[in-house]
Amino acid sequence: MKTPKFLLPVATAGILALTLSACGGGGGGGTTAGGGDAEAGLDGRGPITYVQGKDNNSVVRPMIAKWNAAHPNEKVTFKEQTDKADQQHDDLVQHFQAKDPNYDVVSVDVVWTAEFAAKGWLQPLKDKVAIDTSAMLKPTVDAATYKGTLYATPKESDGGMLYYRKDLVPTPPKTWDEMMQMCSIAKENKIGCFSGQYKQYEGLTVNASEAINSAGGSVLDKDGKPSLNTPEAKAGLENLVKAFSDGNIPKEAITYQEEESRRAFQTGNLLFLRNWPYAHSLMSSEGSSKVKDKFAVAPLPGKDGPGASSLGGHSAGISVYSKYKATAVDFIKYIASEENQKFYAIQGSLAPVLSKLYDDAALVKKLPYLPVLKTSISNAVPRPVTPFYPAVTQAIQTNSYSALKGEKSVDQALSDMQKSIESAGAGS
Amino acid sequence: MATELGPTPVKAPASGGTPVHHAPKGVGEDNKILSQGRWASWLLAPTIIALAVVIVYPIISAIVMSFQKDAGLDPATGLFTAGGSAGLQNYVNWIAQQCAAPAGGTVACPPGTLGGQFWSATATTFIFTVITVTLETVMGFWMAMIMARTFKGRSLVRAAVLVPWAIPTAVTAQLWLFIFDFQGIANKIFNASILWTGSEWPARWAVIIADTWKTTPFMALLILAGLQIIPAEVYEAAKVDGASAWQRFRMITLPLVKPALMVAILFRTLDALRMFDLPYILTGGANNTTTLSILVINQVRQGFNAAAALSTITFFIIFLVAFIFVRFLGANVVEQSGASAKGKK
Amino acid sequence: MTAATTELRAQQDRGRKAAQNREKWAQARTYISALVILIWCLAPAYWMVVVAFREVGFTYDTSFFPTHVTLDNFITAFDTSFGNRFGQALLNSVFIGVVVTAVSLLIGVFAAYALARLNFKFKFLVLGFILGASMFPGVALITPLFQLFTNIGWMGTYQALIIPNISFVLPLTVYTMTSFFREMPWELEESARVDGCTQGQAFRKVIMPLAAPAIFTTAILAFISSWNEFLIASQLSSDATQPVTVAIANFAGAQPQQIPYTAIMAAGTIVTIPLVIVVLVFQRKIVAGLTAGAVK
């Protein structure tokens, strides 16, 4: 029998593929437990890399330059990721799965902490490498904690605030019901009343959780089990659904992300807006802004008093695969230090994690919304802290979106959410 | 023909009748075929190796992983533990839309889980594919016919046609998101207040319009290249024979351009079935615009092994479509579909 | 040439005169169609350019004509002080695109020649294999590729971007060229061989010029798809090797939530217009040159 010679290359390729496949060895699943060795490299010192998403506020390079000047033997290199949270997340996951020792210190979004910790990718910050968090705002520390262990140090925070037209509304509403009553003012002026961000994306999870938390409910209970079958949760989601159906939230808000909602407010088409602090400087400075001197901020309205904002922001964690953990620990302490937090706030308008800075006169002069933001963050509830966050946020987004559009009753939406989250946790 | 190589089919039957061997003149001798086979193996080797390393290796490793369970949480430690072998469970879960139940076992996936979206994502993917590929084929053909004519400013048109396709998809998607904004230019031009990304069909049309705009040039260029190979003499002769424009199109253009057209349609279809960036950026998959690829990437974030199973299922769906194309619609480049038309010349 | 042909010619002339009006009308229709194509293709691109020249603060202005015109967005795009590497990324994209196009055309031509001209077994299987490579969802290839390139130390290198791109464009390259080669008048090659050319010479001197437009089209398709690739590059490139699509994704607003539409549109403009010009120039020079040498 003759050998089909032309098939040789094919066969070679096939064998090559199989060999490579064996080398890759299923590690691609990234599901192996335990991650790296948390005890290794604890005393290691040397040059490290700091990984963070796009440095919009231009603070990271100067911060690192200062560190490098003081630590010539433990220089930090900045690896800048893209501007998109999803891509940052996926990039980190790929590098952790590949056990990359070059991603030493990573910036962790508050909602990723539990997932990374449970995968065993983040160095627990305890015992030898414990970090003092007593001066920090408690919600920011909670968001960096998983199962009672701190896995990252908070470095910048964020919370939702209520922007309102001070030329039309003399005193801001304290509760949701008050705000809804003030919608008559919006009608008189022929503008929309209130909006947050209701497009089906992460921002909807933020807004829906805020509504549920502000009404006294919660998405997950203390054990991480869903608790959406409560009257409080129902009341919270119903507030949004009702506002949509009676027009207090304009119908186009179903397509809003942060920027669309800011634009609606900034062009004078909204009386109230839920947004992050970033909008403040843009709305008071942009050329096209029609509300430059006409708006002010207040804490989000709740059931009887200030509402519960969803917490934003990032923490700095150390990869378990890092070889120079001693340097890394010093570096994250430096990021969270008072000196640097002040620099972050002044230079980059980033919300500090240290409580006392919110009362610093110089800072308040620069960022007039700080006192309001302090209330917001102090009352903030971290978005659900769960290693199954991607599934949980999916469940919240999809079902609350259907409810807001009136395709599903509030009860049905909450019960579907509850079941979806239960199912995510059950996957084993 | 050398026949000692076992039962593997040497050639599938051609679409339109008996298999045509486009053999070099005077074939038949065994050693000629063999030497051609050796030649072919060397000529094909680089292509096959390149594909094997970058495509086949990942596919094999994904298939291997698709038979593993995703990591589960150990309630005692709060850490993930490796899932172990899953058998066909990942596949069954997708196709039957079953999700893990809190009490153990599986239940029908509640709305809001990815598992519950498999069939709707499949339907969405096919809707997008059928509509966009049809529109792109018709418009691309028309554009190519125009560009094949001689007129002043033809090179301007050819340049213009390249523009949509040359803009990187990442920019295109942002551009259309911007155009379809509630207060954007689309609503202004049509004096409408459509919530483009806010409900099912407007969102789908937004994706379809953006995709058609972007990829019609691909079709047009491929078809144009096919048109250019047709010798002008053929048309002249037909004109002389008094063939009408429609007859010339049906009897000459269509059959002669068919190979190029079929390749264009085939590859557009394969691409459209894997559509990802445009709907992902425009709608985030809301309002029934989640395609299979979007479902895959969402699942990658929740567990890679189940995502690998979904990718494999998608692979088979696409394979089936391609098979039907090649087998029944004559998108077979090695069979000489233009042969009969050429023979008349 | 026979008497019949002369007769035909005369008929043709008469027909031409009679159809002159029709021709005019056909010409007018061509121009109208061309105009429609221009508007369809260019209107959204026009909007991109208009936005590219707008001040950031007026991003959402909907006047049809340029207002609040500024060059700031272009300056921002090339500004390297905040870690943007747009200029470098442009060069990277050109380099990657050229290598991918050249290599995939070269090995694609080999493969297509074999598939179109040679008679061998398992042809159908080989075709199926090549096509099968473009059936797996691209998003699912990233993780295994990442593992593979990490294991062999290729992360962030040019070859880690070039080789996957070659594989992505190869199936299309091979298929289009095979289909074009099938339609070539191979009799010419045969006669050239009778005239004493080797098979290689015959292919180069006779077939290549004829196939030039088709090969050129394939080259454009290959170059642009490599130029457009984002998913793989976003995960496998480093700061030094990132292509332009990744660089654009790295653009960011002055504030965290802000989408820098004006800068993205400026980048889109910078990336697109030279590309189209280059393609045009190449089309004129190269294709014309090649076709001129063709044996007609």
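Each chain gets a letter, A, B and C, in the order it is written, and its residues are counted from 1.
Quick note on the criterion: a contact is a pair of C-beta atoms (placed from the backbone, for glycine too) under 8 Å apart; a residue touches a chain by one contact, two chains touch by 3 or more.
Nothing here was measured: the structure is a model prediction, and the numbers come from that model.
Following the contact convention of this document, B is the list of chains adjacent to both chain A and chain C.
The greatest centre-to-centre distance from chain B, using averaged C-alpha positions, is reached by A. Located most centrally within the structure is B, per distance between chain CA means and the overall CA mean.
The pair with more inter-chain C-beta contacts, choosing from A-B and B-C, is B-C. Chain centres here are Cα means. That of chain A falls 39 Å from that of chain C.
The centroid of the Cα atoms in chain A and the matching centroid in chain B are 36 Å apart.
Note on chain placement: the centre of chain B and the centre of chain C lie 17 Å apart, centres being C-alpha means.
The residues of chain C that reach two or more other chains are 60, 120-122, 126, 129, 143-144, 147-148, 249, 259, listed in rising order.
Across the assembly, chain A contributes residues 4, 6-7, 10, 20, 24, 28, 30, 90, 263 that each touch 2 or more other chains. Looking at chain B, residues 2, 5, 37, 40-42, 44, 48, 51, 53, 56-57, 61-62, 181, 183, 300, 304, 308 sit in touch with two or more other chains.
Only residues 4, 6-7, 10, 20, 23-24, 27-28, 30, 54-58, 61, 78-80, 82-84, 87, 90-91, 94, 97-98, 100, 257-259, 262-263, 276, 278-279, 281-282, 285-289, 349 of chain A touch chain C when the two sit together in their complex.
The part of chain B that touches chain A in the complex is made up of residues 2, 4-5, 34, 37-38, 40-42, 44-45, 48-49, 51-53, 56-57, 60-62, 64-65, 68-74, 78-83, 99-104, 107, 109-115, 181-183, 193, 195-199, 283-287, 298, 300-305, 308. On the side of chain C, the complex with chain A involves touching residues 55-58, 60-61, 68, 82-83, 120-122, 126, 129, 142-144, 146-148, 150-151, 234-235, 239, 246, 249-259.
The touching residues of chain A, counted against chain B in their complex, run 1-2, 4-10, 12-14, 16-18, 20-21, 24, 26, 28-34, 86, 89-90, 93, 117-120, 146-147, 199-201, 251-252, 254-255, 260, 263, 387-388, 390-391, 394-396, 398-399, 401-402, 405, 416-417, 419-420, 422-428.
Interface residues of chain C facing chain B in the complex, by the touch rule stated above, are 8, 11-12, 15, 27, 30-31, 33-34, 37-38, 40-42, 44-45, 47-48, 51, 60, 62, 64, 107-108, 110-111, 113-127, 129-141, 143-145, 147-148, 163-164, 166-167, 170-172, 174-176, 178-180, 182-184, 190, 210, 213-214, 216-218, 220-221, 224, 227-228, 230-231, 244-245, 248-249, 259, 261, 264-265, 267-268, 271-272, 275-277, 279-280, 283-284.
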